[in-house]
Amino acid sequence: MSHAAPTHPVLDPALAPPFPQAALPVLRNPQLRKNVAHAIDVIQAKRARLVTEKTDWQELRTAASAMRAHVLENLGAYLTEFETKCTAAGGIVHWATDAAEARQIILDLLRKENASEVIKIKTMTSAEIQLNPFLEAAGIGTYETDLAEIILQLGGEEPSHIVVPALHVNRSQVREIFARRMGIKDLSDDPEALTAAARSYLRQKFLTVPTAISGANFLIAETGSVAIVESEGNGRMCLTLPRTMITLAGIEKVLPRYQDLEVMLQLLARSATGERMNPYTSLWTGVTPGDGPQRFHVVLLDNGRSSMLAREVERQTLKCIRCAACMNACPVYRQTGGHAYGSVYPGPIGAILTPQLMHMHHAQSLPYASSLCGACYEVCPVKINIPEVLLELRHQVVDQERKRAGRIFDPMYLGLRIANLIFSRAWLFHAAQRMARIGLRCFTRKDGWIHSLPSVGAKWTQTRDLRGLPSQTFHEWWAARRKEAR
Amino acid sequence: MRASLFITCYNDTLFPETGRAVVALLERLGVELSFHAGQTCCGQMHANTGFRGEAFSQAKRFVHLYRDAETVVIPSSSCVAMIRDQYPGLFDELGNESLRKEFAALLPRVYELSEFLIDRLAVEDVGAYFPHRVTYHASCHGLRALHLGDRPWRLMAQVRGMELVQLPNLDRCCGFGGTFSVKNGEVSSAMLAVKLQDVVSTKAEYCTALDNSCLMHLGGAMHLQYAGMKTIHLAQILASTEASPAEVTE
Amino acid sequence: MSASATSRQRILDSIAATTRPVAKAPAQLAEGYAALPRGYQRIGQLSAEACVERMIERLREYDAEVVESTPDQLPEAIATQLGSSGRHTFAAPVGLPAEWYAAGFNWKMDSSLETAEIEKAEGVVTAAFCGVADSGTIVLHHSAMEGRRVLSLLPDWHLCILLASQVVETLPEYFRRCPQPPALATFISGPSATADIEMTRIKGVHGPRFLHVILVHDEGDARPTPQ
């Protein structure tokens, strides 16, 4: 029944290897790195042009940041307002504390509909709760309808970006996947032909499958409406043709009023795809007689989110509107692509969101997957200070790991603790400098450079030389100069 | 004008020529410099690795050492960013009221070198002579944390004999990131390779910056790959004159 | 109590516990909302004429075909557009002015057409609620003149009639024209598109591949109508 690949792997933070290790296969795959760099360089250039054109960009960011912060501070009030209004408009609101509960609610709804198939609008939240494999195992065929998601689903691939999930796959790889899975001979690798193939492949599904699943870009508390931002029209198909629509939304997605979209829509497309506005944004409110699905369910998902609200630093994470500007700007992501993050949320936002969604029990390497260059914060349309959150999470990771006995002998931990002791007294620091000068002498070549170091130092010297220590430190020079002057 | 020089731990140990250049430059401009013998580290390495308690103890030391200074000048943008962006949080969480007050009083007197020249001394032409082709790497902390803006450019524009070449992708990180360069050594190296391509494409003789940590990373790769280019802290270029050219480490 | 009802309480309790120090009392919530910063540009700065020009320019940038017309010549302009499309069967909402249904074409009038019937239409003609010049966006509220959502979705060719008086410069100005939020809204900016394969922009995936707009100079716009 299903068109999913037989062994569709799942990005699961609980199972993923640590980031430095997970990044290796990509770093050794020049084609993949080229695909990723090309895609994000294109988006970055388009975004930069449009942001420069928008003279009130910073004011929009300020407004969006304050609005999202206000919502999160008052999330309970806005969520219940949304629930009341959505229910009054004919929608049915469900609440799910975790992924398992959300999956079960959705499966139960589909069973009530006697659904054997479901069409889906791209939703990272459904990937977060690993919905597709669950439904497939329960005998319900899932059909992704976004072009990138079709590529991934048919190819048995995993998303590597939240807006352009298949950006790591190039045209010839898409051609191969489509030719094999759609059974089309003589398919060219022209993106236009590939897009046309996807269009005709899905057309019948849109017209016949009676149940659909979507995510939500925004929930409007004032009206109980849901907004979806998309490009292809697959979203509009799923939102209008089926008889039943199920929307899965994180609890943080709410905005106070309809008018607030005037801020978010101006920021989102420009940040996400470098367009002034995405081709289609749809808004609907409960059930409208004669227009679109006549049964409508919203599943509000917590799954770790409410616990992130307690402190201002971490709370910022939930301001995110999933534009992916941070990953497009990130020099680390540009090298590693998305899979290394071991989560459906890659890049800088993933590095702070994933560990918190896992209650800091998994993905502890992610807060370190950043050089703290600040490019993510600079582009974030809702001003999430990602470096600040990264530092907070690093601190939490260190506090966890300090308690583990094995860490005492870890060279990095040991080094940092010794360094702290050394820095606490100038005479100790100066003694350490002298010892290092002597210690490193045997590694220093005639040209004054160190070409290879043992242990942690090898991580440095495998791609960089290190200048040998000069014979006189600055403070020694200063002291000698003072003596002379006297 | 009196200024206390916070040289930073890695400049003291690895790049004393940068410190000597700052001294030559500022004394030439009539600044009365002092150097506190008790100084060690600002705590950035610990803070950025998640060792908050340790970072706090360094931060506290910094405030105690410099609370009486007229001004503090620091030739390292990332250390200044540490003081400006991270000390307040550390003191809120771990400090007491008197420490917070002392720090609040001290902070406006802490300057990165180019800030000190432009904002405090109001000088752009420092009388430098450096007859070389140079490209400038705008370190992330200088660019996005300190918002140095055109300060370095205004200073470089006045250096006689120097040909300044624009570095492509100026706002992209070189991949150093402190302990990131070791914890995520392979990723850091991949970022470095990209940056190095851009730097080499300028065909400059020197790559300069206001932060020796990026330069240590870049220079190490240049040396390994015989890139035929050297790194030099901007302080050394600004200190350089016809009579006393910059000290350059081969 | 159902599982979901219990979960509802658990989630709301958890939110209440974590946001207690910052959450506003119900009475102060509206005040807090009203105090949010709104320093961005809310009112446009262009003249009405320049605003319409920008609308046209931005529509064209996103590959929409735009022609201009006066109110008098609109029926003729519609007929010309339909004729030059090379298509014959058109869907349209029932609420359009009678003279818009140009003679000589096969019309499928929608109030509750079956999906399969709409799918058979080669094109669709609708009115619009608003045009936003800044982004070249057309907003539909799906009234009797704008049609149900499915109507402007399935046919491959969409002709949208936009009045100059409906064009605003900025997105916030559109929202000012909505004292009551609509139950349904679709914001259309150019034809359906994707850039999912190597960031190459491809027109037309599932929505209409062709978006045509007739910009009608109502409100006494003095500019000459192009031939």
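Order as written gives the chain letters A, B and C; numbering starts at 1 within each chain.
The criterion applied here is as follows: a contact is a pair of C-beta atoms (placed from the backbone, for glycine too) under 8 Å apart; a residue touches a chain by one contact, two chains touch by 3 or more.
Since we're looking at a predicted model, the values are computed, not measured.
Chemist: Just how many steps, at minimum, does a route from subunit A to subunit C need if it may pass only between touching chains?
Modeler: 1
Chemist: Counting only C-alpha atoms to place each centre, which chain is farthest from subunit C?
Modeler: Ranked by distance of C-alpha centres from subunit C, the top chain is B.
Chemist: Looking across all chain pairs, point out the one with the most C-beta pairs in contact.
Modeler: Looking across every pairing, the one with the most contacts is A-C.
Chemist: Name the chain with the Cα centroid closest to the overall protein Cα centroid.
Modeler: The most central chain, going by mean C-alpha position, is A.
Chemist: So what's the Cα centroid distance for subunit A and subunit B, whole Å?
Modeler: The answer is 32 Å.
Chemist: List the centre-to-centre spacing of subunit B and subunit C in whole Å, with centres computed as mean CA coordinates.
Modeler: Their C-alpha centroids are separated by 52 Å.
Chemist: Per the contact definition, I'd like the list of subunit C residues that touch subunit A in the complex.
Modeler: 3-5, 7-8, 10-12, 14-16, 18-19, 22-24, 26, 29, 32-33, 36-42, 58, 62, 111-112, 115-116, 119, 132, 134-137, 142, 148-150, 153, 171-172, 174-175, 178, 181-200, 202, 204-208
Chemist: What does subunit A use to touch subunit C in their complex?
Modeler: Residue list for subunit A touching subunit C: 35, 38-39, 42-43, 55-56, 59-60, 62-63, 66-67, 70, 72-77, 79-80, 89, 94-97, 101, 105, 145-148, 151, 164, 166-167, 169-171, 174, 191-192, 194-195, 198-199, 202-203, 206-207, 220, 222-223, 225, 231-234, 236-237, 239-241, 251, 256-259, 261-263, 265-266, 269, 273, 275-286, 288, 290-292, 300, 302, 306-310, 312.
Chemist: Considering the complex alone, what residue numbers of subunit B touch subunit A?
Modeler: Per the touch definition, subunit B meets subunit A at residues 7, 9, 11-20, 23, 35, 37-41, 43, 45-52, 54, 57-58, 61, 85-86, 89, 140-141, 143-145, 171-173, 175-194, 216-217, 219-221, 223-224, 249-250.
Chemist: Along subunit A, where are the residues that touch subunit B in the complex?
Modeler: My answer: residues 19-20, 23-24, 27, 33, 331-332, 334-336, 367-375, 377-378, 388, 391, 393-399, 412, 416-417, 419-420, 422-426, 429, 433, 436, 447-449, 451, 456, 459-460, 462-467, 469-470, 472-479.
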